[in-house]
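Given below, in the form of structure tokens, are the structures.
In the two complexes that follow, chain A is the common piece, with chain B as its partner first and chain C second.
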Partner chain A sequence: MLTGPAAVFFYFFSLIMVASAVMVVAVRNPVHSVLFLILTFFNAAALFLLAGAEFLAMILLIVYVGAVAILFLFVVMMLDVGFIELRRRSFKYMPIGVLIGFLLLAELIIIFLSSSFSSKFSAVVSAPIDMVTRSNTQALGDVLYTDYAFYFEVGGIILLVAMIGVIVLTLHHRTGIKRQSIAEQVSRTSETAIEIKKVESNKGI
Partner chain B sequence: MHNSFMTWFLPFLIIVGKSLLLLIVLLLLIAYLLYIDRKVWAAVQLRRGPNVVGPWGLLQSFADLIKFIIKEPVIPAGANKGVFLLAPFVAAGLALSTWAVVPVSYGWAIADINVGLLYIFAISSLEVYGVIMGGWASNSKYPFLGALRSTAQMISYEVSIGFVMVTVLLCVGSLNLSDIVLAQNNGLGTWIGIPFASFLDWHWINLFPMFVIFFISALAETNRPPFDLVEAESELVAGHMVEYSSAPYMLFFLGEYVTIVLMCAMITILFLGGWLSPLDIGWLNRVPGIIWFFLKVCFLFFMFAIVKAFVARYRYDQLMRLGWKVFLPLSLTMVIITATFLKITGWR
Partner chain C sequence: MQTDLATQLTLVFPELLVAFGAVVLLLTGTFSRTNSYAAIAWLAVTILVIATVLLIVFPQSGVVFGNALIIDSFSRFMKILTLISAFIVLVMSVGFSRSEKFDKFEFPVLILLATLGMMLMISVGNMLSLYLALELQSLALYVLAAIDRTNLRSAEAGVKYFVLGAFSSGVLLYGISLLYGYTGHIDFAGISKAFSIQELQLGMIFGIIFIFVGLAFKISAVPFHMWTPDVYEGAPTPVTAFFASASKVASIALIVRVIMSVFNSEISAKIAILQTPAVWQQIIIFLALSSMLLGAFAGIGQYNIKRLMAYSSITHMGYILVGLAEGTSIGVQSVIIYVIIYVAMTLGCFAFILAMNNREGYVENIYDLSGLAKSNPFMATIMTLHLFSLASIPPLAGFFGKWYTFSAAVGGNFVPLAVVGMLASVISAFYYLRMIKIMWFDELRGNFLTTPIELQLILALSGIFVLFYIFFGIWITSWAEIAARSLI
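And now, the complex of A and B:
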């Protein structure tokens, strides 16, 4: 149980987080919605910090707030979609949304129930870190690069493939545009760049 | 009751006091760095620079401050008022909050956290929000385009900054900023047998390419010339800040300069040995660390100012090319080389 100032901070951040998560779906303006999502992420990072997982908190900020949410913001700001219209139609999908919500809730409950039954699960999840000799970051790195190195690298390769795929899909080399080729510019010499012509008097070239 | 006062309330008060002290010193420092910036720029162009307010124009920044505050803040009719006013606070607030982890001398950091480097990286990646919120909320074409350009630029150069930080922390083995400085007590200088020349121990000499990349990326990250395409005073107006006036504009401006000084401090910590004295000689070691830190930051700021004065502005495609096609491969290769070298020699 949390006591003292830690509890105060916990409830403070959780309250803001839940409130802003509600605002994400409640506000009309999609840009405001993304901004509230950022506030939610930010408070989640604060909760991670309170739990002593400082590395996860910083990674959450860097990856989600610093990159993913900016992408959302770009898309929402630049796409000219009739969001009000979209919102009106979205009530059609209400039942399926509620269904998925309940499914996720049920799964969460099952996870917590199974954790109390399976002894191995709780041993893995709540294995204590020797905080005196190793920091959070080191402990995470040790696990990630030894026991789970294979999965980690597979994950990395999947992301790389996705990135290359996106580049291939969106890259169009249009012809007829003047492009700057740095290598070509640098490799020019006075012989290839300048042409000297003898101009006779009273005549053009 | 007394016990909880001693354990919770007193440390809280001490932290607030430290933060206020740092804030005041930082703002005063920025007032004069701004003055130095303009003086250096003027000197290069054979002008006098600010010289009217106070002796030698020393009070110019304060005159500007008063001017900004007493002007009327104009909010465009179509602007999204809330976001429009929030954006400058986000910009200035985030910039100032990064200073919480900067160790200005041995043990002189408000929060000496384990992931200090990551914290700075995280918060500086959030600074994009001030720009993009301001640009969008102005509800006008030019601020929005300026904001998009600025955001793309900042995100691009964050990548190479990240890799440079990785190289440094490979050499140090810690994300704690104080540890990074202390690791620079031993280095190349000690190894080749010149123990008194401790400036040779610092990272700038064995990670010299990274030092240069970081410096240039810092210029781009803070939208300083020659990468100030967003503002480009002679061509455009002020990028995402076009619609801003008086105090909100000042907050943007302040945030920008706080970030610049932070970048100088980061270069000092990562490459120039933080608060360590450049020569390991008795009386120089007795000089307080904060003096060395201050001198190094001032030197780097002078470099920033000089670059502003005499390097021509980049074109946007050149800027992107430099970030993605030159700095990214270069810094990535250096990470691999450094890691391999450290693994083989077991230097650390």
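And now, the complex of A and C:
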């Protein structure tokens, strides 16, 4: 259990995080929705910092706020998706959604009250962080490229599949469009680029 | 058991071969200027055949990368089955993808990568590699479902499969995290040990349920089957064949491994004293009963042959789970035998569906088969054999599959399961027999184009398998026994 100032900050960040997560779904304007999402990510990063995982916190900021959320923002602003219409239709399913959500929440609360975490797990969670000898980043790197190299590689292959998938499903090879060829541009000389014509006076070409 | 890296790499050599092969073929396709689809497809077939031969010739066993992968005779057996069905699907797809205009070189590459995911799924040894392997396979399958992107139904199938699949992966991951929290382990041996020393807590039970939700989605067991008919109908037919054969083999193997090496060690006073089934058994029994019944009843109203195959596969997954309900080596053996027979029948049926094309293109309505026996007796006879086998008429292969799973259930005192299974198979016989009636006794409704030689070959092979299983089944039974023993 957290005590002292850490507890205060924990509840502060968690509260803002939950509130802004609710706002992501609740606000009318999709751009505001994305901005609240960014706020949620910031608070999650702060919680990681409190837990001593500064590397994960920074990665969360760089990857999620820096790339994913900005991409979302672009998509929301550039694409003409009928958000209002979508929202109106989703209201129809609201009661059943809320019901299932509450059921799940109640079940989870029952689980957490009735069962106790394994002692091994609690030992891992509450282990003191050895910040003096090596940093968090180093500790992650030490296992990621040795013990977890296999998982790392499989993760790489999954990303490769995602990349192939995106290209296969969206790339259209259009014929007859003019593409830039830098080699061709650079290798042009005045002989190939300019045509000199002798123009007689008082006549056009 | 720690072994040095070189030994570990030889253990996973078939997987490495498929992975490197996929990357090399991808680069070849990208840098070749002409449409290299056919060459890449045949190279992919070659890679799969080499991997199969390697698995057959060099049986190995061991644990690789900590406890990420377990190589044993069960994984070897299932991998061979997956690879064979993947390469038959590739052979089947060559003509179809050309006439439907999605002959892109990425198609065989994605099939290879999905096969890689399946091979990893078959031999996973902890929850982390389970999730990664499942995602690798699923992600490739989502793309494959939508690969015919100019076709609206294919795109719809892809989106539907992706959204529901992502949701089920989330549930699975949550289950894994619950099990990790309450047992403190992610490797199968550790979780199994935690199960065997204490009574299950509520949190662990929820973990088991969530994991089963994710896995049942992959084998399309009721009530997680909703995507199956739509995706089967919308995806290009060779891709559907891939979903119905290789992907099902890998997912079944994954369920078998998770149950046998993790959940089966559950102890509880209730099981010992009151003789109630364990938690996982209750789930499996429910999934089996509902899959068998729903598949049998819902298939009656289907006139699209691919939707029909979807419901048929749901029923067959139910029969497979019946064999698994007991959780013994005999049960696993029956599951392995059933999976082999199921794959042979399914690939034969899909080869037949791919051969159903007339001048207007590929047809999918079962009434387009009218009077096939008059115009093409060879095809009609082979398909009739397959349908009789799916309806489990003795002495065809399908009968033996059910015989083994049902006798495993009866041996484990799950007699009601076997009874419901038999009732379901009687009901589902209706829609198989209806197709036979349409082919043999209805008016001729126009001819199909001549069947390509590779499809004829596949049909003939699976026909021979189905018809003469009674003679060589004894060897398959003993191989399955060896494979099943390695899990205990």
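Criterion: the second predicted complex is superposed on the first by the 132 of 205 C-alpha atoms of A that agree within 3 Å, B and C clash if a C-alpha of one lies under 4 Å from a C-alpha of the other, contacts with A are read in each partner's own complex, and residues count from 1 in each chain.
One rule holds in what follows: a residue touches a chain if its C-beta (ideal position, glycine included) is under 8 Å from a C-beta of that chain, and two chains touch if they have at least 3 such contacts.
Given the structure is predicted, the values throughout are model-derived calculations rather than measurements.
Residue contacts after overlaying the shared chain place A:Ala51 against neither chain B nor chain C. Once the two complexes are overlaid on the shared chain, A:Val68 sits clear of chain B and of chain C alike.
In the overlay built on the shared chain, the residue A:Asp147 is in contact with chain C alone; chain B does not reach it. Contacts of A:Val98 after superposition: neither chain B nor chain C is touched.
Once chain A of one complex is fitted onto chain A of the other, the partner contacts of A:Ile157 are limited to chain C, with no touch recorded for chain B. In the superposition on chain A, A:Ser135 makes contact with chain B only, not with chain C.
Once chain A of one complex is fitted onto chain A of the other, the partner contacts of A:Leu15 are absent, as it touches neither chain B nor chain C. Shared-chain residue A:His32: touches chain B; no touch with chain C. Across the superposed pair, chain B and chain C touch chain A at no common residue.
Considering their complex, residues 4, 8, 80, 83, 113-115, 118-119, 121-123, 125-126, 128-129, 132-133, 136, 144, 148, 151, 155, 158, 175, 317-318, 321 of chain B touch chain A. Taken together, the chain C residues at the contact with chain A in this complex read 19, 23, 26, 64-66, 68-69, 104, 106, 109-110, 113, 116, 120, 128-129, 132-133, 135-136, 139-140, 142-143, 146-147, 149, 158, 178, 180-185, 194, 201-204, 206. Residues 4-5, 29, 31-32, 35, 38, 54-55, 58-59, 61-62, 65-67, 70, 73-74, 77-78, 135-137, 180, 182 of chain A are the ones touching chain B in the complex. Note for the complex: chain A touches chain C at residues 107, 110-112, 114-121, 124, 147, 149-151, 154-155, 157-158, 160-162, 164-165, 167-169.
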